[in-house]
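Structures incoming, each one as structure tokens.
The same chain A turns up in both complexes below, where it pairs with chain B and then with chain C.
Now for the complex of A and B:
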């Protein structure tokens, strides 16, 4: 999802570092090379899905979740449909645009027919320019910026766009009468956070409500939120909307609790993952509300089965990235069935068939939403799910 | 009352800068080099103590002790491998090496601990807030202990470098490296000891930093490290009381400018004040003491 900040102040020295780290890299690349080996199936011809995302580096959590979630879907489909086989080749891009394009070239040599990805926004924008020129169908599980799909008819999103999240959150707050006085704390140096914030305030204004306090910060490394919290508290806010990632959010929750400030905190999908933070005191997140497309504790049968397989295979609870990727593979499967795409279909023909399918007949039920449809701009439309954290798990609201 | 709340926020941030700045200033004062990897040694200290808490269930003091031992060894190894071979070359070479070490540590931590942030349990989780003015003004135990420990370390360091034999040797080395060697002082040992002490302090700073701001990532030490370096320069680099004063003032300026002027501009204001101070008083606030070199 979205942009992940590049490492700080000493960026100019990255090159020197690259030399120093070369030895380490060779080792780690060898390791992930074997991990990312395509799961080759038996003799029958396979439809080739390429995947791109960060398997190493600071955004590796997201890439690995996508890779694992997609792999589970591929294995399931291959096991139950003897006449149809997928093959997944997942490449590491280290959350770097240039490496993502290289990974895409590698996938093209391999004969990729459908592209799953990329996982993060900046590489996705770069890769989608290539797929647009090459006519390769691309469905990203998690890159949520509108820049990803803008002007490219072959690129679709399975996750909500950033503005869409802001609008939906504002509507939800108004419709459910949550919060007399609303404050917002967001990262104004981050496209994801700012995109949601702008849409949120615009929608809130429409319904005649106003934000009583807006606090900003400019780096997800920011540690001190005493100013923003004091501001919100003295403005009398009883609801704090936080369109930010879970790392700064965990700091905000800890500091608010120390200040004895207990408004309703409301987050968006970037908040997903806060409970999985090692060492996090889950009591701090009690009654935290968040809009997330995926609830791993849901009673839904399909979700429960997916969570069980994922936990058995990878030893952790899947997050929304894994669920998004799982849905992408099943959406590919549904489209292949509807349009008769097989291993022999050239990528460009598959692309045209898929574009037509996704913009007209697709109505897809997945783990992250029921009855998903897509507009010609590539944006998905599905119902938001609001959960509240109680006793350390998500509870549907 | 809000202004006072901001002030306590500034104190708590400033106390963290102060304790990191002590390590910077100590190493600079004696070895005459900017150890840019200091912030990352702090991060390693944080991770070590996190592991002793979370995986080994050790008591706080034992965890801290273990963290200090690991950081001390790390500091000595870094000094031996990365800095010692460059002794006598241009200070720019050492500076660049220090930045290299900083990156090396960050990426090593990324490899070992992964990129997912970990949440550090505060050392003072069991202590209560001190509430003044009907609970409107809150001082957290983290702030109070950080300041107390900072003062203790400051006094301890001052006593050490003025009263003990090793401390005197260190000061001699900082005055004149070659003359000290001619007088029979083991220069290498003095500098190694400096790094050992500086790194042990980094472990303490790491625990205090993570107690106040509990998220632990491979980049956790980087930004506070740079801010603390600024604080050390602000207070007069090489001066131990200066590091503490500089850290506290810097924290307060940062929070107040964030509260009353702009969150985006707060860093610019902090560094702007630094420039003004250096223009008016090039040796920093308590810079006169620079002649004594720590």
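Now for the complex of A and C:
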């Protein structure tokens, strides 16, 4: 008995020691970290923009695009306007609601005035409840669910909502008579995909058309699509609507081409980025149609300049997430100018001023749309653009 | 007979000491943090994590009951947490017209525990017939099944009552109705009910249940079953019964913690309760010491705060987190450090009381042999 007791004491001490060790590690590292952190870049007072998005994990592509796009806009504005300086602090949320709220609390400690984000939907719903309670203005570049803005006057979106995309896509297909028999393949374990799918089918029903085949998959099993494609083919579908992200879509395209099944494939904004995918044969995407607010091959001067800077800095063609984030920062800039928001303005005052600005006078021209306006529900109104991929670039339709 | 009495007595004392440590750390933590909060000494970042920390402590302690005390490696704890989370959210929405916040919270937590407990029984019956690795794999599978089922559950509420379906089309709500669960989107627009105080009470409740169970006749039977199943069965103990007791109790407590966790956020999605979360909780248990309740409390708290405290590292954050985990593991198993702590323990022995490790005796003996 005695020996066991002695072990108990040791075990306890062992653990106490472990905790102390961990504690000192954290503290010493935290100290290093804060030293290494760059001091306020300009020296003068800056308006603090906080950003939240997935920089690691499976959705890191989107978070990093937003981060990079926003950083370019911040750098441009800081270089252009000596009297006005932005500072961007972008935090990782790993596409997780809990982590996103933690990241937001961290930004609050930092003194965030305006929030850019969050990038993905579920974390954004969690964070927007916090910003609503704290009165911090939030404009998300890419969280597209209606739940993000529902009941919160301080949260605005720069992207289309999911139902809006589904409805617009259905209308577009019907108006342009694109498919006689329409099949849908979507991810039923994903909020974005289901949101678009539900609105799409509802709108299609209204116009008297029906979906001949619906194939589903989930985020866990997205390697083999032969079942879904065979289903669509045997139902005689001549158009396959894919409200999904580009990674599974690329596999669908590859497998369909192997099966010699060549319907019209129609994607939404999640399809954007497919051409930049490593190891993807661009020929497969020939004639793929997609709805996207941003065309990096557009002739537009501003777009060309942005794409050039982005490519120089990060070595890849920007996708719409980057463009959306760039627009968010410029929209912040425009609002700051209009409402006289400076580094001294408390976050809650900036919030009220911004809400007033965005719901009344804002008419914003950006990379992802001209003459954007916002409703009191926080949803943006801009024209959707349908592009078709030809010769490895997007061509406006 | 006399020696047996003595042993039981000293066992009792050890139990009391270890229980006191667990309660003491929890109460001290709560009091210190509460004072710091009211004095404004605590950052938003830490303050925002108080409720999740309480939930994770409850989860770690309840998993320790299954893994450490009952000796069955369960890899599906997040599944029970998920059931508690979603049933708790539905209950909170159903009873949203009740007057007091805490009444709704208590109802939600109880409902969460109840549903998770029912799931624990349903899953426990087939699972606990297995042993070792097989049991671990099947609990993993059930955890995933729960999450995938939640992915296709749609629940709506209107004045006629609840509607449940496996697809959006199956729900026909009136104008006033609203969706509570939305398949993969989970629940959105949840009213936040959880408070730090409620979290503290839940941790205390969890400790009370687990520590008392361990020290009861049932608890000793559970540990006997863990240490030598054949011997235990030979004296007439029913393996399934006692293992079920631990498993279902663990499930109920996990469900309650899940409800507390979910009601701390305005949204909760099934994807949160994936395999990673199960492992995350298991890491708390392993790092805190399998079978050691106080250790679970400390490690759950420290390891929840740690990733946030490492935010300065930006890109290297999760790498640093992993390194810290490895260092802690190595440090606690280092023979030199063990010798150091043994020396220090001699000095402490006279002054401080001890915590008891509910470990397999066989293992403990091995370790004793190594350090003697």
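Everything below uses one rule, namely that the second predicted complex is superposed on the first by the 356 of 397 C-alpha atoms of A that agree within 3 Å, B and C clash if a C-alpha of one lies under 4 Å from a C-alpha of the other, contacts with A are read in each partner's own complex, and residues count from 1 in each chain.
By definition in this document, a contact is a pair of C-beta atoms (placed from the backbone, for glycine too) under 8 Å apart; a residue touches a chain by one contact, two chains touch by 3 or more.
In this text the structure is predicted, and so the values were computed from the model without any measurement.
By the document's definition of touching, of the two partners only chain B reaches A:280; chain C does not.
In the superposition on chain A, contact is made by A:106 with chain C only, not with chain B. Applying the stated contact rule after C-alpha superposition, one finds that A:218 touches each of chain B and chain C.
Of the two partner chains placed by the overlay, neither chain B nor chain C lies in contact with A:262.
In the superposition on chain A, contact is made by A:97 with chain C only, not with chain B.
Of the two partner chains, chain B is the only one that A:231 touches; chain C does not reach it. Residue contacts after overlaying the shared chain place A:305 against neither chain B nor chain C. Look at A:395: by the touch rule set out above, it reaches neither chain B nor chain C. Taking chain A as the reference chain, the count of touched residues is higher for C when chain B and chain C are set side by side. Within the superposed three-chain model, A:188 lies in touch with chain B and with chain C [touch as defined at top]. Overlap of the chain B and chain C interfaces on chain A: residues 7-10, 13, 17, 21, 188, 218-219.
The residues of chain C lying in touch with chain A in their complex are 7, 10, 14, 18, 21, 43-45, 47-49, 52, 148, 151-152, 168, 182-186, 188-189, 192, 265-269, 271-272, 287-289, 292, 294-295, 298-299, 302, 306-315, 317-318, 320, 324, 327-328, 331-332, 337-338, 341-342, 344-345, 348-349, 352, 354-357, 359, 361, 364-365, 367-368, 371.
Within the complex, the chain A residues that touch chain C are 1, 3-15, 17-19, 21-23, 25-26, 29-30, 33-34, 36-37, 55-56, 91-92, 96-99, 101-106, 108-109, 121-122, 125-126, 128-130, 145, 147, 150-151, 188-191, 194-195, 198, 218-219.
By the touch criterion stated above, chain B contacts chain A in their complex at residues 2, 5-6, 8-9, 12-13, 50, 53-54, 96, 99-100, 102-104, 106-107, 110-111, 114-121, 129, 135, 138, 140, 212-220, 222-224, 226, 255, 258-259, 263-264. Those residues of chain A whose C-beta lies close enough to touch chain B in the complex are 7-10, 13, 16-17, 20-21, 24, 28, 57-61, 188, 215-219, 221, 223-224, 226-228, 230-231, 234, 247, 250-251, 254, 258-260, 276-281.
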